[in-house]
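Note that chain A is present in both complexes that follow, paired respectively with chain B and with chain C.
Let's turn to the complex of A and B:
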């Protein structure tokens, strides 16, 4: 099932061997200075550090590049609109609009920050399998309801996708071919409506089944989370990296 | 037959809003070690009865006593459920965890076992059912028969005192059915099972009830010959597999 698998969480790299909680804490330490960075130098340092981290996680290059392309589709829009709307020294004119140097610098800063944050998330969070992510977030003290939502959403996306495909297949088997007409829209609307109703019913049955096994609103994780020396080293390094970025930002 | 009933239902009236109740004054008692089968046409209220016993449906009238205690509300049911093993009709609804092991450990964890004990209990149960190789598999990628066996493991791991089975063999092939019969007959547990298949019920239960007009009546089990169809039935075959 394309799009719903989590291939990045499968590896056995140094990063994958870190405790998921340490990876999440490391991400917080790293992403705060990146998000708050006001200078190009800080952002550039962040990008380099994130790229190093990603190299340690050893994800499949093709996949990362494809995802990077998707992210930078958004930053491309920044390069169009920010320099045209920011005041400052004009590099060139597009009719009545000026493309400014200051705007371009801001777009560059945003691009660097976006990519740095994206690479760090890819290295640290995408490397955690969703069930583990739920347990780790719960262990870090996030609201349990949010963690349940995450876990159940991940678990049932597959089921709902499969149900949707089954309905679609049965529609096709009866000669349905999507076109731009009322019949097609109505069919899709019914299909989605049915999917919603079925998901609702299923949620109720699953909840009843959970109650029958003594569910009292709390999930217990079987996974044994344990901090080790590597995690302490990693968090120390993340702290240093964070401090370095802040210092570089101050010096600028 | 002198032991106090594990499950006792008196004058149960139950149904769904806007319709006539499907259960109209139903009585039932299941004693320790008793194995009762329940048959009846579609929509006669078999599942409704099981859901009412589990406290998943609110009856309009009647009394439900579980393990000698009259059920007064959700709290009583929540406690009683920890001692009842309910196998749902669709295993798909019962399995929700990322791995089979997590799913089998879910009940024991809710019963208050430590993580280590729950994991051990889950592994033992999977072993008992011959499913040890499935521990790390993903439940929704298993076949229907495998899912049913895992669902059975999830409730057996809770060491229930009664098994309540809702159509345990629907959609299963003969081999899986035979395996479930063998497993259930190897357990020393009271069973209340609902099925469309009297043949299957007679293999795992000692008494048969039919649900008609919203009440139960005991049916006489009288074996008699039937003509039936087999694929390649002209070849020598066995009815055990």
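Let's turn to the complex of A and C:
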């Protein structure tokens, strides 16, 4: 089971020191032209900008490369299938299907866009610790209930994961070895059912404890969000980058 | 089952965002303040469950469980899935900003629809009927999610026809496993703590 901690949010880089709200707005400014880019030039510019931004955030390289490989499994899948159905000039034939030049160009475009978006999310969102993310989203005007859900879901992920691992350990201690059969699926289902029952009971206790401490439906944000000169400069740069990508796309 | 950022066209992205926004708005409106801790902690349980890899032949697949999520949370499945996708972006950098709507809609819409339609079977006191309801709810919602993902790809352009077909076919074995696991979980919950199922569905 993958770890649930957020190593990328720990850091003292330039990006980490930006206001989380500015990082989220910057991501919006950056993502829209990248997602809608129709030309290779725009996508390439986006990729370069996102890579620069990631370099500023200085994340651990090994982790980013591993995640990058996972993202590119999907693009590899596109490289296999998209050129087979796009109409155009055939590069070579695979049985009755033609692998087309136009399809390969489209796959290249999508690969650049996906990677640019991944690098931007890694630099701008992964660098925010989840509790701060909840506060920042709330400060940006997202519904309060949604932000509460986000904060509490994240808070209990670790608790519930430990609970699940404990259930799994006791199943293994009784000789459970997962295979492709009904017994395995039923065992996982019962583990899952037990996990839901325990979560349900825990939620009741948590809610009672919250009421005891005077909870009245409002979470107080402990992260101090400060919008400073650096944030204004960053948003200005993001706006310029966004405009540059749109202009490059027009010119092409 | 996500589509990554930068693949879909603007109309598809907009349609997904509109469906997701409507669903999340309904889900939040119906979610009372005192139910937030419960919904949040159950969402964490589903998030943890979605990290479980079950063996399928020589390989393994991770559980999606959106059918069960719909049965346990009802309309709150929309905000719960949106939160899970946000957390995935923070924890694993999967997905992106503009596809958030499409990914929420493809997972949550079938979940809510199947759980609502199969309510009488899911809430049945008889094990056989509850298991049938669980199987149909689990497998149909994953099946329909696969169809919606394929539709989003085909709606983007004809170049995605083969890719959509491949995703649809690869999804079929997962459908059966989801059905089996959901069926057994529903029967378990009916026996051990029926209020988990009945609180959202009635």
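Observations
To be clear about the criterion, the second predicted complex is superposed on the first by the 238 of 252 C-alpha atoms of A that agree within 3 Å, B and C clash if a C-alpha of one lies under 4 Å from a C-alpha of the other, contacts with A are read in each partner's own complex, and residues count from 1 in each chain.
Following the convention adopted for this analysis, contacts are C-beta pairs under 8 Å (C-beta built on N, C-alpha and C of every residue); 3 or more make two chains touch, one makes a residue touch a chain.
The structure displayed is predicted, hence computed values, not measured ones.
After overlaying the two complexes on the shared chain, residue contacts for A:210 are found with chain B and with chain C alike. Of the two partner chains placed by superposition, only chain C is touched by A:71; chain B is not. Once the two complexes are laid over each other on the shared chain, residue contacts for A:36 go to chain C alone; chain B is not touched. Contact with chain B, but none with chain C, is seen for A:131 once the two complexes are overlaid on the shared chain.
In the overlay built on the shared chain, the residue A:152 is in contact with chain B and with chain C.
Look at A:202: by the touch rule set out above, it reaches both chain B and chain C. Within the superposed three-chain arrangement, the count of touched residues of chain A is higher for C, of the candidates chain B and chain C.
Looking at the shared chain after the overlay, A:121 reaches chain C, while chain B stays out of its contact range. Note: residues 130, 151-152, 154-156, 159, 202, 206, 210 of chain A belong to the chain B contact set and to the chain C contact set alike, using the contact criterion stated above. For chain A in complex with chain B, the residues that touch the partner chain are 129-131, 151-152, 154-156, 158-159, 162, 202, 205-206, 208-216, 220-222, 224.
Considering their complex, residues 4-8, 10, 13, 24, 28, 31, 33-34, 36-45, 47-49, 51-52, 54-57, 63, 65, 68, 72, 79-80, 82-84, 86-87, 89-99, 158-163, 166, 177, 180-185, 188-189, 192-193, 195-196 of chain C touch chain A.
Those residues of chain B lying in contact with chain A across their complex are 51, 54, 56, 78, 81-82, 84, 86, 88, 90, 92-94, 96-99, 101-102, 105-107, 109-111, 115, 118-119, 140, 154-155, 158. Chain contact summary for the complex, chain A toward chain C: residues 1-2, 4, 6, 8-9, 27-28, 31-32, 34-37, 43, 67, 70-71, 74-75, 77-78, 81-82, 84-87, 97, 103, 106, 110, 112-114, 116-118, 121-122, 125-126, 128, 130, 133, 143, 145-146, 148-157, 159-161, 164, 178-180, 182, 184-186, 188-190, 192-197, 199-200, 202-204, 206-207, 210, 217.
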